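Below are two complexes that have subunit A in common, paired first with subunit B and then with subunit C.
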Partner chain A sequence: MRTPPSRRLLVIACGLIYFFLMLPLLVVFPISLSSAPYMQFPPPGLSWQWYERYLDDPQWIDATWRSLYIGAATAIFALALGVPLAFALVRGRFFGRVLIDRLALAPVIVPTIILSVAVYGLFAKLKLIGTWYGLVIAHTVLALPFVVLVIVAGLRDFDRSLEQAAEGLGASRWRTLSRVTLPLLRPSLVSAGLLAFISSFDEVVVALFLAGANMTLPKKMFDNILMEIDPTIAAVSVMQILLVSVVLVLIGRFGRGLKDSAR
Partner chain B sequence: MSASGSADLLIEGVGKRFGDVVALDHVSLQVAQGELLTILGPSGSGKTTLLKVVAGFETPDAGRVTVGGVEITALPPAKRDIGMVFQNYALFPHLSVAANVAFPLEMRNVAKPEIERRVAEALAMVELKGYEARLPRQLSGGQQQRVALARAIVFNPRLLLLDEPFGALDRKLRETMQLEVRRLQRRLGLTTIFITHDQEEALVLSDRIAVMNRGTIQQIATTTEIYERPANDFVADFVGESNIFHGTMSAPGMVVLDGGRALQVRSDKPAGAKVGVLMRPERFAPSGANAFSGEVIESVYLGTSFKLRLACEGGPELLVRQPARGALPAAGARVTVGIEPESIHVF
Partner chain C sequence: MTGRGFLPALPALILLFVFFLFPVVRMLGFSLEGGTLDWYAKALGEQLYLRVFWNTFEIALLVTFFCLLLGYPLGFLMATTTPFWATVGFIFVLLPLWTSVLVRTYAWMVLLGRNGVFNRTLMEAGITTDPIPMLHNFTGVLIGMVHVLLPYMVLPIYGAVRKVDPAIPAAAAGLGASSFAIFRRIYLPLTLNGIFAGSVLVFVLSLGFFITPALLGGGRVMMIAVLIEQQVREALNWPFAAALSAVLLVFTFAVYAMAQRFTRSEAEAAR
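Presenting the complex of A and B:
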């Protein structure tokens, strides 16, 4: 069977786009394994030295742990706020619901730099600059829209006759929630939590303003690029990419696909 | 508490509006202990709203609902002890068959060994032994239906409510399930309300039928009563095939239809009364006290019977069913049929 030319063009276009997206990876991976003492592409030889440098440097390890627990705390708080908010937006009938619905997405609309400056001013007064929990608060604000979007989509598709059935069979409101509603929303909860985690783990702008001496991984990378360009940054990037990929695979496996929640 | 034979479920003057729409207009009815009452009506007749009021998912604007002498109008659904089978079964997709059936028992804090025993018993009753570990989506429609039924009866509910449960099943399976539900309901002696828009299904299953339209009950009666002696045009038309005419009693036992045709009937309505006249298509014979002759305008072969549409001289169009014997009368053929006065229902 002959492939029509339009289809062949499409395949070529997709291939090019894919190649373009993969290009940084194709450069970063080899450089991270370079034997040269400076950024050079293609690398003259292979070695693990940059990975060793990363693992042996307490500053890098420190920053990595901090990013991990700030990400985890952000995910927890964003879920704790976002899930009840999503319930209220989908099921509530109260004055101002539409307004809150729009406001919930504001953090993705307001430029991050504006938000960062504003939060900086506020946190300076509250003495939250340079604290890890200050960063968690700011990241939670940024992560909230993702949680709300995903959970709202999950709730819109939710078959409420299941909750009626549970109540009719003798379940209290609370047990209906814990035994039927939340278990059935689990894929959405998993997706929302992991997205919130990634949004914090990758975040650099707010961290630049608020982190102070408490380096997060993205901020450390940024500083590293400014100060001393050596291939350690490539090794760190590769590991960061791998971690985020693992999280995305987890979302695909246990979560609700992003294509579902985009509806 | 109620004496035997009196009402187990009592609905008194229940009203419900949604904005300008009156969903229930002061509906009252009684269901006796162990009785299966069908609420039959077209969509939008209010039958589902009435069921939701009984189950506790809707609060009525007026009236009371009483079960076994205890008023439940204001109780939340969880406190009502009512087993319900939903239109789409509403099985919990994340729980196994056994866990679905165990759910109402767990909510009642029944002890574990007791739960296991009763789940096994309920699954045996609906012939689903060996399916305990399956998830609902791994079952066929009929099997899901059985799980929903087992889940609704496992906790010995005070009432059983069935909301169009057979709608999604194919004809053969539907008939099997109807008989099975009927057998189970009799065996357990469960007071049951069954909701449907399918009049055939209502006739098969019910002890009594309540026909609803536009938020009011048109007639409550036994199945034969509903079919043979409908109270009004709506019931006559909705249940079964019918020829409905209007006319005036000219003398005792004599009706003159609005078109001028006179019929002998059995009725003690006084002369001058405006009446409705119902003639079921299958009640026509080749001859009878009231004879109609006319031209066949449409004829259909239905296996066991012929269905004919006749245009009668100087009169009405008739739907007639005859046993399928000989050749199917062709369109344009002249046919004569008759009907006895006692086969004509006057209302």
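Presenting the complex of A and C:
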């Protein structure tokens, strides 16, 4: 069958829109490899100088480590609180469940700037500005909705007859949970944990207010972009893109598909 | 809170109450300092600040419009093509979505700047002699925000188009309907829900947007979120920042509430 002209037009239009979507990523890669001493595009030659500058700068490395462990702590904390919450929302039968459901998702609806300013005000009083655990607490609030959404979707599709079989065979409730329920939920748990990690690792606005002098990677990037356009930031960007791609591949391989969770 | 299975929710609820609900309510309380509504009168009465609200709405509306214009074809193509190309399409939509907003904003600065890629190309091609200002103005903010928010429009539209039974457009084509008629009479009405969901999401996210206007606007494009940040960090004017936040929050919830009513009545009408 011949492709109708309207379809061909659609494909061409979409090609252009995809180009628009990918354009920033396509620009960042060559700049990060530029041999020019300042921002120039296309680069006159290739070099690793910006990657070297990133790796040799203790400030950048510090910020990277800080973001990595804050992200990891956020993921653990968000799972520890979010998974029981999702269980309560799907399996519990208690008054106020709908209200709690709304509250758990509210942090994604309330504009981040409002959350940031509000928590900044509180943390200034509690002297939590500049502490890593202060950031972990705030990032956990932001990551909780992702965990709840993914785990609730996983629990909705869960075949409860498997748990009933285990309990019928004499397993205690705790044993059923640890040997049957959680292993079966593993794909959802992996997705939820990795999403929570990325949401913290990429987070700028809250970090801008709460990080103080202890830079996270996004805060350091924000400050650098504001001050000067230095190609080091392109090298950092490329590494961030690669890290996020790795996480997405991990979700695709071991996690529950994002498409399934969207339902 | 009586009933079964409430206990597991408790730790998360404590976190949400202490570090989300309480700080937000506490801060909003500052706006009523002295027991008057003066700070609200300032936010909604003074020309300068009304302009900021108006600017924010204008940008949010334009961003929604352009996201729809670009997002519908993408979602439509991904939903109606072969599984292989749909997967490729998904990767191209999700990769930018998961790339840090900072990285993308930086790239746009490189592209749109005075000596940026676009201006150099235009000048070398002899189309203009002077660089066209695209950064630190309305255009730059608009381009950056559309780029960041486009995936949020594509995904719901993709979902809506997927739900359309392919037999319906096939039957219409068999009966001689033109492509345009098929789109207007079949796809458009059947995917209104997806269009609506995507538009509400993009509009609400635009209202509270901070990073892109702060960096690409260069201080010349004022949006509510940027104004709130300035009031807190530079002016140290907490009561005013709180009043601005309250207004932004009310707008955000109002849009959501309207959206929910609309989708509910839509669902009732469909029955």
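Following the convention adopted for this analysis, the second predicted complex is superposed on the first by the 259 of 263 C-alpha atoms of A that agree within 3 Å, B and C clash if a C-alpha of one lies under 4 Å from a C-alpha of the other, contacts with A are read in each partner's own complex, and residues count from 1 in each chain.
We adopt the following convention: contacts are C-beta pairs under 8 Å (C-beta built on N, C-alpha and C of every residue); 3 or more make two chains touch, one makes a residue touch a chain.
The structure presented is a predicted model; accordingly, all values stated were derived computationally and were not measured.
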item	value
Which superposed partner A:Trp132 touches (first subunit B, second subunit C, both, neither)	neither
Partner contacting more residues of subunit A (subunit B vs subunit C)	C
Partner chain in contact with A:Phe20 - subunit B first, subunit C second, else both or neither	second
First, second, both or neither for A:Phe158, with subunit B first and subunit C second	neither
On subunit A, positions contacted by subunit B and by subunit C	none
Touching residues on subunit B, where the partner in the complex is subunit A	55-57, 76-78, 80-84, 86, 88, 90, 92-94, 103-104, 107-108, 151, 155
For the subunit A and subunit C complex, residues of the former touching the latter	4, 6-7, 10-11, 13-14, 17-18, 20-25, 27-28, 31, 39, 41, 80-82, 84-85, 87-89, 91-96, 100, 103-104, 106-107, 109-115, 117-122, 137-138, 140-141, 144, 198, 202, 204-205, 218, 221-222, 225-226, 229, 233-234, 237, 240-241, 244-245, 247-248, 258-259, 262
Residue ranges of subunit A touching subunit B (in the complex, touch as defined)	159, 161-162, 164-172, 175, 179-180, 183-184, 186
Interfacial residue positions of subunit C with respect to subunit A in the complex	1-9, 11-13, 15-16, 19-24, 26-28, 30, 70, 73-74, 76-77, 89-90, 92-96, 98-111, 113, 116-117, 120, 147, 150, 155, 159, 179-180, 204, 207-208, 210-211, 215, 225, 228-229, 232, 238, 241, 245, 248-249, 252-253, 256
